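The structure appears below as structure tokens.
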Amino acid sequence: MPAPQTVIPLWRDVRVLRILAQVIFVITLVLVANWFYTNLSRNLGRTGIHVGFDFLHLTAGFRISEGISFESTDSYGYAFWVGIVNTLRVIGIGILLATILGLVAGVARLSTNWLVCKMASVYIETIRNTPLVVQLFFWYTATFLKLPNVHDSLELPGPIYLSQRGLALPVPHLTEHFSSWSYFLVAGLVLACAVYVGRRRYLQRVQRPGFPSAWALITFLGTSALGWFLLPRSPIAWEVPVLSRFNFEGGLQFTPEFAALLTGLVVYTGAFIAEIVRGGILAVSKGQKEAARALALNNLQVLRLVIFPQALRVIIPPITSQYLNLAKNSSLAVAVGYPDLFSVANTIINQSGRAIEMILFIMGSYLIMSLITSAFSNWYNRRIRLVEH
Amino acid sequence: MQNREILPPPMLRIGPLRWLKDNLFSTRYNALLTFLAVVFLYLTLHPTLEWVLWHARWDAIPANLKLFLVGIYPMKDVWRVWVCVYWILLLLGLSGGLWGRLAREAALIVGSGAILLLLLPFSWMERLWILGAVLGLFGGLSIGWLLRERKSWRKDVIILWALSPLIVVLFLGGLPNNPLLSPVGTNQWGGLMLTFMLAIVGIASSFPLGVLLALGRQSSLPVIRWISILYIEVVRGVPLITVIFMTSIMLPLFLPAQVRVDQALRAMVAFALFTSAYIAENVRGGLQAVPRGQIEAAKAVGLSGMLTTFFIVLPQALRVVIPANVGQFISLFKDTALVFVASLLDLFGMAKSILANPDWLGRDREVLLFIAFVYWLFTYFLSRMSRRLEKALGVGER
Amino acid sequence: MDCVETRMSDPIIVAEDVHKWFGNFHVLRGVHLTVSRGEVLVICGPSGSGKSTFIRIINRLEEHQRGRIAVDGIELTNDLRNIEAIRREIGMVFQQFNLFPHLTVFENITLAPIWARKVKRSDAEKQALELLERVGIPEQAQKYPGQLSGGQQQRVAIARALAMQPKIMLFDEPTSALDPEMIKEVLDVMGELAASGMTMIVITHEMGFAREVADRIAFFDEGRIVEAAAPVDFFTAPEHERTKLFLSQILHH
């Protein structure tokens, strides 16, 4: 029989030791933090700086010429908000374009065409192996600022104008006929839904595969096109940029700073996405392809039904982290003078001397962005796992 | 009995025409792609080549070469930089001789790079220095080759590598009251040398911190685990540039007033804080790759938790994550360019300051292309090596 | 079902009413077992019956939540010294070998004696050679585990466990990850070990081994020991229906 339970001495009890280790850890951390804090308050006291957020209401006294309108009489707080909006703008457009570029380059990298494959790999290897900030600086000072004067702008089909003052593109705007056209749009949508449901039921009844969504899409496009031609004048018109005395007016205009930042981010992130796409497609095992072939699926079906869904699963998580990298890299805007949140905060620090508060703001903003991204990515991963079971 | 003979496989040689057909014009769609690619190449390469050959003014580069390489490091002390380069090349040569193919290949590539440098129009003095470097490398290579059967040397060389950052920092920084190695403050370090120092000191100091964080994140003690996770996730959630910015402004505020920390050191602190979070995530991947059975077996033979971690878990985990950490070093090397926010004159900062000089106005393309090429050279070399290493480790596994 | 009677007097493992839950799942539902010094106990039973969990609890790889276990007079508690002492007394052999792949065979065997028992390196190495002789593979000492066959790896694992000079050896399905032609070489080593008087608890479905080597066979089902008897009685006259069913499934195919 086992001996009656004896009392364990505290210093040998695993449970006590575990708690003790954590307590010691926390005490050490608190001591270190306290040391930092004492130094900080002593240093701040010496230099007469005080910490607080009241300065956000003060007049900024500088101008921001990019994004939503901002005057030098507006407050610091509003200036930071303008910076956030500018950051989001470049991230949004950047993610879209980088994804497209990355997909194209990634698929090109796997092309059986030797020339296309080599071009894609030269692009990827060059861009991935040089610092982004050098590239941005290159796009800005050595490309966009070296473009001709506004009056001799390069005209690309569109018409798109490229000059030292940046990029000017035509922008679509709605005419007075748009309201009547919108009836066609609504009707098209309803019809499309009906066609989708009807076609799906039919396919289920006859037990055949097919593309009900394609049918719905064709219905919708057909109805809208019909409306477009029936109306006396087109419901959407293009507003073309026109050269006035100093600069272009009308249309959509991008400053060279924005254009350089966007180009740099897109080209850089695109190269990383391309590698991910390539890896994802290669990751689908050869056995899967062969099994699909053996089931007598054709090439397109193999790609659409077997390879693509599996590759997507591998691709999405690392691509999300590339999006996050793009968001974080957008802080390099400061190198080309684009007023994103980091660069605006930098200006605010120079003007007001409120370094601690502004650094907290900067870090907080990026942390929120990455929290949102990782929440999305966790949600997606969980969804994928559910599908597996 | 003729059909019993072993026959060679049918037709292996492929003529150039056949190659063109297979690789560029196999289908109509492929031919179209080739055509489009050729048009694109012509449109982009033609003006580029024309510019490179006729219009580019490369004079800014040889004129400022010293600034690009070592910044404003005192001219009379430049020999110390050379000694450090010799030291590293000697070690590289030794490892190339002692270890198998991969290290030898790295040594040979660096060696041929150095020989190529000899062909460029340097002054005789500079060529002599480069020649010394080449001799050091190949000397190390042959010594290592002669000693390759003695395995104990490998351990010594690894220890020398591990000590290198310390030796180099001491040598470049100098010692107070030493006539031979007079102190050179980090504010006088610059150019490519500073870029390398930032990257190497950054990775060397972030590695131990990263391993500790990874162990903390896997710890069974909740408080330690939460705090490690908090640190890792916060650091990974913010851009590096903000961390550099923060240390460059705030570090002095957090330290006692009499402690002086110059900008280069602040940047190194930023790299250490930042990179350690990423290293921690890499190492965590390695820790998770160690099967549970290994830990159980270690416990079952009576090893304590500490001994299990050091003898069983870490050796296996760290081996798996070598390629990932080389990748981390590569990206750190590129990221050193961000120290421009702390107004440091690393390779990129130096380029910016040269371009701001009225003498070299308008040489943006030339200067930026040059430094981009320098960065590319090192990162491409490292990433190729890391890919090879990954393969070598993968094959050695089972 | 309850207190299983022992044939030999001197008990080395005493387990009373041992319970264990994984989350809400009640894995062990009151195990009572006494093992005598020098006894060879074979445990069998369907998968998921808790037999593996039970012997991992004996080695404190898992913690039990109710009941009591004492090994050679040392009670299994949260006392750090007891845990270390018990692990020194008990050797364990796993189904998947769990050799350390980054160490040579020789280093696998000498690691724990040098660091956990603080044996002098030269002594540990001498002992390792003897143990490798004993399991029949002295020539493999400098190889890495990945270069050995499964049977050889398992014999190294046995030598590694013996290097701590344990009083008790636990075997968790030592042959089920092996190819058929390698099973015998491992069972032979285990048979010799049993003949040398080692106390052993073996989870296995090798009924031939059980018949020849075991002093007693215990049948586990649904977290309890349903039946425990000497091999002759166990095979010829099982008392419980579940035992009979299990035996018919395992012997007739």
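By letter and in written order, the chains are A, B and C; residue numbering begins at 1 in each of them.
In this text, a contact is a pair of C-beta atoms (placed from the backbone, for glycine too) under 8 Å apart; a residue touches a chain by one contact, two chains touch by 3 or more.
Fair warning: this is a prediction, and the values are worked out from it, not measured in the lab.
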| item | value |
| --- | --- |
| Chain pair with the most C-beta contacts | A-B |
| Most distant chain from subunit B, judged by the mean position of its C-alpha atoms | C |
| Chain nearest the global centroid, as defined over all protein CA atoms shown | B |
| Inter-centroid spacing, subunit C versus subunit B (mean Cα positions, whole Å) | 50 |
| CA centroid of subunit A to CA centroid of subunit B, Å | 28 |
| Centroid distance [mean C-alpha coordinates] between subunit C and subunit A, Å | 56 |
| Subunit A: positions in contact with at least two other chains | none |
| Per-residue overlap in subunit C, given as positions that touch at least 2 other chains | none |
| In subunit B, residues with contacts to at least two other chains | none |
| Interfacial residue positions of subunit A with respect to subunit C in the complex | 1-3, 5-6, 8-9, 12-15, 17 |
| Subunit B residues touching subunit A - in the complex, by the definition given at the top | 23-24, 26, 30, 33-34, 37-38, 40-41, 220-224, 227, 234, 236-242, 245-246, 249-250, 252-257, 330, 334-338, 340-341, 348, 351-352, 355, 364-365, 368-369, 371-372, 375-376, 379-380, 383 |
| Residue numbers on subunit A that touch subunit B, as the complex places them | 18, 21-22, 25-26, 29, 36, 39-40, 42-44, 46, 111-116, 119, 125-126, 128-135, 137-138, 141-142, 146, 328-329, 331-332, 334-335, 342, 346, 349, 355-356, 359, 362-363, 366-367, 369-371 |
| Subunit B - residues contacting subunit C, complex | 291, 293-294, 296-304, 307, 311-312, 315-316, 319, 397-398 |
| Subunit A-touching residues of subunit C, taken from the complex the two chains share | 14, 16, 68-70, 73, 75, 77-83 |
